[in-house]
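Consider the two complexes below, in which chain A is the common component and chain B and chain C are the respective partners.
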Partner chain A sequence: MRLFVLLACVCFTYAEEQKLPEARLLSLKKVLNRYLVENRDVSVDYELFNVGDAPALNVKLTDRTFPPSDFDVVSGSLDAKFEKILPGANVSHSLVVRPNKYGLFNFTSAEVTYRISEDSTEERISFTTEPGQGGIMPEVEYERRFSPHYLDWAVFALVSMPSILLPYFLYHSSKSRYEGLVKSKAK
Partner chain B sequence: MSGVSKAKKLTREDELLQQFSNNVTARNSATFYGNAAIVAILPIWLFYRIQQLDLVSNAILFTAVSAVSTYLLAMAYARVQFVTKHKLAQKREQAINREVALEFGDRKVSRDERDERVLCRKNEVAQYEATHYSIFYNNSVFLSLVVFLGFYLFRSLAPGLNYILSVGGSAGLVAFLSTGK
Partner chain C sequence: MKIFAVVFTSLLLVGVSLAEDDEATEQVETIEDLIPEGTGYEKHPGADTHILFTKPGGGYRLVSGQEAHILLGFINRASEDLFIDTLDASFRLAGDYNSVIQNLSAVGYNRKLSTGQEASLFYQFHVDNVFSGMPVGLEVSLMYHDSEGKVYREAVFNSTLTVEEPEVSFDAETFFLYVFLAAAIVLGAVLLLQCVSRNKKPSGRTETGTKDGDVDYAWLPSTVLKQGTPKSTRQKKNKSE
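Let's turn to the complex of A and B:
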């Protein structure tokens, strides 16, 4: 029995030593906006880290989670390709989309495929992290809460001023006239 | 002949009573309601543009709140005018006496005629100043309250409820404040 355990340990150590170097990609998908708003740009950032000990080759990033019926691509691309990501290196890719509907939306993961080493033809498929569910705010609600509306306030001030200034001017002109009469008499 | 003279005298007395009474004349009432209506509909712009309250779908709400606010504001104008008018009449007495004296000049007039002229002129001036002061004061308070309530105190409420509370509340508060003088 002891001999068997010893033999197993030796075999395991040998197998570990024989393991070929390979690339391992950790991928991250982030939505950068604090507020997601209908018809306003949403920035999405992808970051790929190679934590393996071989370069990742022919890396393809594909995001199929933004359906054209719900999002317009403003800038960047839903697909990205990197020839090589060296061990310990990282790359990033950005995308700007614009939601054309409001409501809850589940931001799920993008797909990453790559060759694990130069000697291997094996293609590995992995997924990015999921940003999770986010509420897309109606544009009207966003305008109501965050827009400064300087022009609207200016118009209001302009329209409401006559209703305050005109009566005051009429009152003041009469007041000044009669107070002036009293003063001239006193002199 | 004497009957006609008596009727004339009564009419003059009625006129003076009317001038010094708490009742608002028809002309004044029209001025008050016209002004109140204009000021009551001004906040609609803010709620339409900033609070995104749709004009068509909230037409009934806008009309109802504006009508109530118009009534309350007109009431406040009348009350403030009445109180201010008497204070101003006392303040202007000296100046009016001088004005009437200048007006008559060297002409010889009876003391009664002169006193009546002073009284009428004083009433006219006090009414004019009090009316405009009342409109200025109530409009300033109402619009300031609307902005404070609608865009600070109740800003997180639903726009419809915010409109009712801030505009109706401001008009109510202005009417309430006018009773305290």
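Let's turn to the complex of A and C:
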């Protein structure tokens, strides 16, 4: 009987150990732009959800996937630090980058590290979601598709002007000639 | 005696078939039960998953005609590397997980997770309007393999959800109902006015031709008007005769 109680106690403590509260972060990285264009802003949004049952401490978000040779950081930063994310809470971080080359680019995951609970010193390395491969459009191509084309319209007006103005001047000259005739008769 | 034997065997057969039926109805419950044992499609003991519906939000909800976003967390608690392959989802008939209503595309991730690492996966799909207000079984399953190449499959979400109808401020049905009512009211008013005006006696002037003498001669040249009132050609003819 005693042995059984001891065994039960051991089992209980083991189960307790298994269910230590810990933080658990789900991290989302998403690119908000519909079109990725060379030399134009691209907004990247990070969201961290703590779905665990302990606060996540010393949360560091680092994105090493935007090489300085291909991207300029316009606003925000590639690193973010959050002291504490309570269970059930979520935080977000945004970043604006500007690609300086066109072509295909694979947006991969950023890295998040955090301490899983107040009692533990264990650091967990977590990876965000991957937005995936996106094509960065050349600026010229984008302009051709979406700009208001003011210059093109001006050139069109200039080119189509002679065919409208020439008949008008012919009409105007003959009209003024006949009006002059009528006036001189009336006098 | 022979008849008795036949009846007995037939009863036995019926009993057996009934028992089989009972077993069939009891059996299929979840995807895990559906997959035959020993094919390697099982959960890895070191895999820890957690699912979160980020859109429409507010727990496990689906709204018809809208996108649904799912965030899946995966922690590798095993002592070996795990490789995440694909995530796919399917809509099944509520209560009967054998009947697949719609299979959603599998998304490949191809990610490697070392021991103790955690990764998040993003999956999105469109909930069709057909499911509006209907309970459907949603099953999201994850495929991954270990360093030895053994494939695991885990149903990370497997439950029946009632698809909600979207809350819209503008309802086309009620809008056109009001338009129709307004049209009916206007039509009624027009008909009423017509009835009222028909009852009144018409007081319009009657046509009298040129009897009144108010004939407009303005169109005639002044030289003709100076000659006096024109006489009929017949009279002229009579005079000349």
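By our rule, the second predicted complex is superposed on the first by the 143 of 187 C-alpha atoms of A that agree within 3 Å, B and C clash if a C-alpha of one lies under 4 Å from a C-alpha of the other, contacts with A are read in each partner's own complex, and residues count from 1 in each chain.
The working rule: contacts are C-beta pairs under 8 Å (C-beta built on N, C-alpha and C of every residue); 3 or more make two chains touch, one makes a residue touch a chain.
Values in this document were obtained by computation on a predicted structure and should not be read as measured data.
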First, second, both or neither for A:Val51, with chain B first and chain C second: second
Touching partner for A:Ser27 - first (chain B), second (chain C), both, neither: second
Partner with the higher number of touched chain A residues, chain C or chain B: B
Which superposed partner A:Val73 touches (first chain B, second chain C, both, neither): neither
Partner chain in contact with A:Ser109 - chain B first, chain C second, else both or neither: second
Contacts of A:Tyr168 with chain B and chain C, given as first, second, both or neither: first
First (chain B), second (chain C), both or neither touched by A:Leu86: neither
Touched partner set for A:Ala154, first chain B, second chain C, both or neither: neither
Chain C-contacting residues of chain A that also contact chain B: none
Complex contacts: residues of chain A adjacent to chain C: 24-28, 30, 47, 49, 51, 109, 124-130
For the chain A and chain B complex, residues of the former touching the latter: 140-141, 143-144, 147, 149, 152-153, 155-156, 159-160, 163-164, 167-168, 170-171, 174-175, 178-179, 181-182, 185
For the chain B and chain A complex, residues of the former touching the latter: 35, 38-39, 42, 45-46, 49-52, 92, 94-96, 98-99, 125, 128-129, 132-133, 135-136, 139-140, 143, 159
Complex contact set, residues of chain C against chain A: 50, 52, 54, 71-73, 75, 109, 111, 116-122
